[in-house]
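Each of the next two complexes has subunit A plus one more chain, namely subunit B in the first and subunit C in the second.
So, the complex of A and B:
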């Protein structure tokens, strides 16, 4: 498998988009830390931008990469290698290069300006979001052979998780505001990896006091090691469900 | 060497392979002919595991190949249109495939030499002409001394000299006891290299016989006429 990952990585590094992505994250992080009055504020603005851009770039990059690697995969499929190996190598190649961009572009500035647990959670969330959205992108790409359709599905997924889902949650909270919704909102959070990541980082900042009862509940759950473990567990599920289902589709389709 | 048993494949409503059963033995060159869309390429891709059949089985030396991959180290495949990653250089493609097939004991670089591919090693695959890509495909197919060669319209994009080199190579490999499957539309070429002709039509075998057998049965001197005669008789 390492052999194939090597060639996938080689291909990705040469088209320079990942390098541009790293520089973009680096500039963004350094800029935000220098603009804000305190490192906490910097982290907060960085969190919001990361949760918007990282999923978008991961999903678009992974989808286009998958379609552009079609020839590469076709060449490999006629060779004595397992199909799942080809697929997993593609996945790991993309996720590892994008995660490296996050570790360099966000990890280093965080280490310099705001070292601590919150910064660590921010970087970890970024890496998890990358793994999740690349898996979703691959799922969109194996469903359809048409590149335009695949990218369309990928963008819709991003719209849903980054924008529409929050709208739905807000709508539910307003409509059923008379009922105790703490546990319902907790469940709703688990259904969106972006929200899950946001809350995990927010609760480690001191802004959770502003979030009222729900915030207090979140704090009591996510504040403990048990809660953090659980939310990372949910994140892992978010990686594996789309990844394994897309691998299944890939193994059973014609090339 | 390869046995195809009741193989069926449909793309939506289109039936491409219809309960196809056929046997191929080693040391023969079998030419697969048939009208466009008869299922020739689909059959080759099924043997390679690139297309997964709806039903039926393919056996390689007595063992089913479905959902297996190791058997492919014994197959060299030259696709009809070679698709390669555009950014890779010829050298990298060849090195990569070699890297994947590390356990191959014999490396046959004859075609690389005869086609002068070394001089073009640093060209990008995307900048190559169709014919040069065909040469790379041919070199890769023969490189690992496989027991079976599947050549999908091998000479379609090649110049006459390169086509001649390839034909000589095919005959040379046949003598080593290999099975060589060639799909082709050029009858003179079929007559030159093949021992047997298998005709596919609408996803089923129309006839499968040796070239001399076909000529005898139809009382024709030329293979193209003989085949035209068989086709017309049935209509």
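So, the complex of A and C:
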């Protein structure tokens, strides 16, 4: 398995997209930290960009990579190697390279300009989102053999998590505005890893004072070890559910 | 003739004696120090007659319960310290025309029944409390029914770390007083920095009120007061003023009142008042307005607040002119559609209109209320979607094609450039 991961990683690094991605994040982070008056502001702007670009790039890159390495996978399948091993190696190869890009591109500037728990949460959120969206991308790619369709599904997924979902939840909140919705909102945000990550970082910033009662409630929940554990647990679930289901599909289907 | 000249001599001698003796007739000076006639402030004050000066030299006096019952001046030289050792109220002024100056007064314990203060004035007029330092007390300076009194240049500092609101008193507490002057004081670490109740026609200027547990300034039912050049910062809940009219607030700074329940300035049932040339910086809410009418809010700076203005729908006929709004998360938010409020000639940094005729006024109206801020007012939990991409998109669309946000809340003549009205702030302060 290690050998396959090594080959996948080598392949990814050779086509230089990940290097470009790392440089892009690095420039973005350093630029934002230098632009903003305080490190808190830099973190806030960085958060917005991370939550928008990291899922998009992860999902598009992973989908195209999956389709591009179809021949390589077919070759491996002809060898006495388990399919799940091939699949997991591909997954780890992609996620590890993209996570490394985040650790270097965001982690180092954060460490330099705004070290602390909030920065750590931001980097962790970025890494988790990479893992989650690569898993979702693989799910989209195993559903269909058609590359265009696969990328279409992947983009739709990104669109759903980054935009549509928030719209739906806001609509629900608006429609049921007469009811106490604090816990319902909490449950609804847990159903979207992007929201979960955003809230976890926001609650650690000054902005949380604007969030009034709901913010205070969330802070008491997310502030405890139990709450942090739970939210990271939900994140892990978000990684494993699409990953395991796509592995299942990959193992059974006719390549 | 001889009789007459004798009469004249006696008469002039009398006049001379009277002239020489006049300072003596104004009062004696009673000195208090370790080697003086008096060793205790209390004893000297008790012996002093009307018009006397009690001069206290430097040193520590472990006393409390000093009662001033005659119009005297109690003056401290070389910073004498009166330490109450938590044994009750320290100085009680029960006479008009008393002057108290230059002391450090410290240690008054919490007393829920008596509201013990370092200095209390009860039902007397023309009191001057100048340049004292009050440390670690329950209430600091407490004026009740003390018309025309002056509290100037004092420092009132409490210990509020780890204490809750109800176990703290106010730094300067004024009740039912007319024509007071509170100026150049520095108050911190109490429940309320400056507390007014039924105080009328008074002036509060150049004070610094910070790090108080509740409000930096708190007044109720206090009409006709003027507040200028004060700084209210880092207070637990900012400044709250209620049930009052004819107030002028000018050149004050409200800053760093940051927290879930903090306001730069909370106005409740305030009417016919003027809020001019103030700075609101980094507050959760710059101005929160409820049931406030006929206010003139002009030439203020709102910088980096969460909400610059929260205008509840119960507010009518308020005018907002020539204000600068920069770096606020929300410029204006409301919970309904307040009527007859006027926004005019303000500068909004989020304004993206144009000025074709170059008259420095934008040609397109600006709507300071964003769709999302309205949503947050109506459904508080939706605040968790702050900074979500969807929200930004929604706001942008709504700004281009407004359909939900209140029609009445609009600035038809937004300024293109930031209005410069604090450049001569220092100068104004000196001129006054």
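Things to note:
Just so we're on the same page, the second predicted complex is superposed on the first by the 255 of 255 C-alpha atoms of A that agree within 3 Å, B and C clash if a C-alpha of one lies under 4 Å from a C-alpha of the other, contacts with A are read in each partner's own complex, and residues count from 1 in each chain.
Quick note on the criterion: a contact is a pair of C-beta atoms (placed from the backbone, for glycine too) under 8 Å apart; a residue touches a chain by one contact, two chains touch by 3 or more.
Everything quoted here is computed from the prediction, not taken from an experiment.
Aligning the shared subunit A places subunit B and subunit C next to each other free of steric conflict. When both complexes are overlaid on chain A, the residue A:3 reaches subunit B alone and has no touch with subunit C. Looking at the shared chain after the overlay, A:149 reaches neither subunit B nor subunit C. Using the contact criterion defined above for the overlaid structures, shared-chain residue A:75 touches subunit B, although it does not reach subunit C. Once the two complexes are laid over each other on the shared chain, residue contacts for A:48 go to subunit C alone; subunit B is not touched.
Taking the Cα centre of subunit A as vertex, the centres of subunit B and subunit C in the superposed model span 180°, given to the nearest 10. More subunit A residues lie in contact with C than with the other chain of the pair subunit B and subunit C.
Of the two partner chains placed by superposition, only subunit C is touched by A:177; subunit B is not.
After superposing the two complexes on chain A, the shortest C-alpha to C-alpha distance between subunit B and subunit C comes to 38 Å.
Of all residues in subunit C, those touching subunit A in their complex are 258-260, 262, 284, 306-307, 329, 375, 378-391, 393-394. Against subunit C, the residues of subunit A that register as touching in their complex are 44, 47-48, 51-52, 162-164, 166-167, 169-170, 173-174, 177, 181-182, 184-185, 189, 195, 198-199, 202, 206-207, 209-216, 218.
On the subunit A side of its complex with subunit B, the touching residues are 3-4, 7, 11, 14-15, 69-72, 74-83, 252-255. The touching residues of subunit B, counted against subunit A in their complex, run 45, 48-52, 69-73, 75, 77, 79, 83-88, 92-93, 96-97, 99-101.
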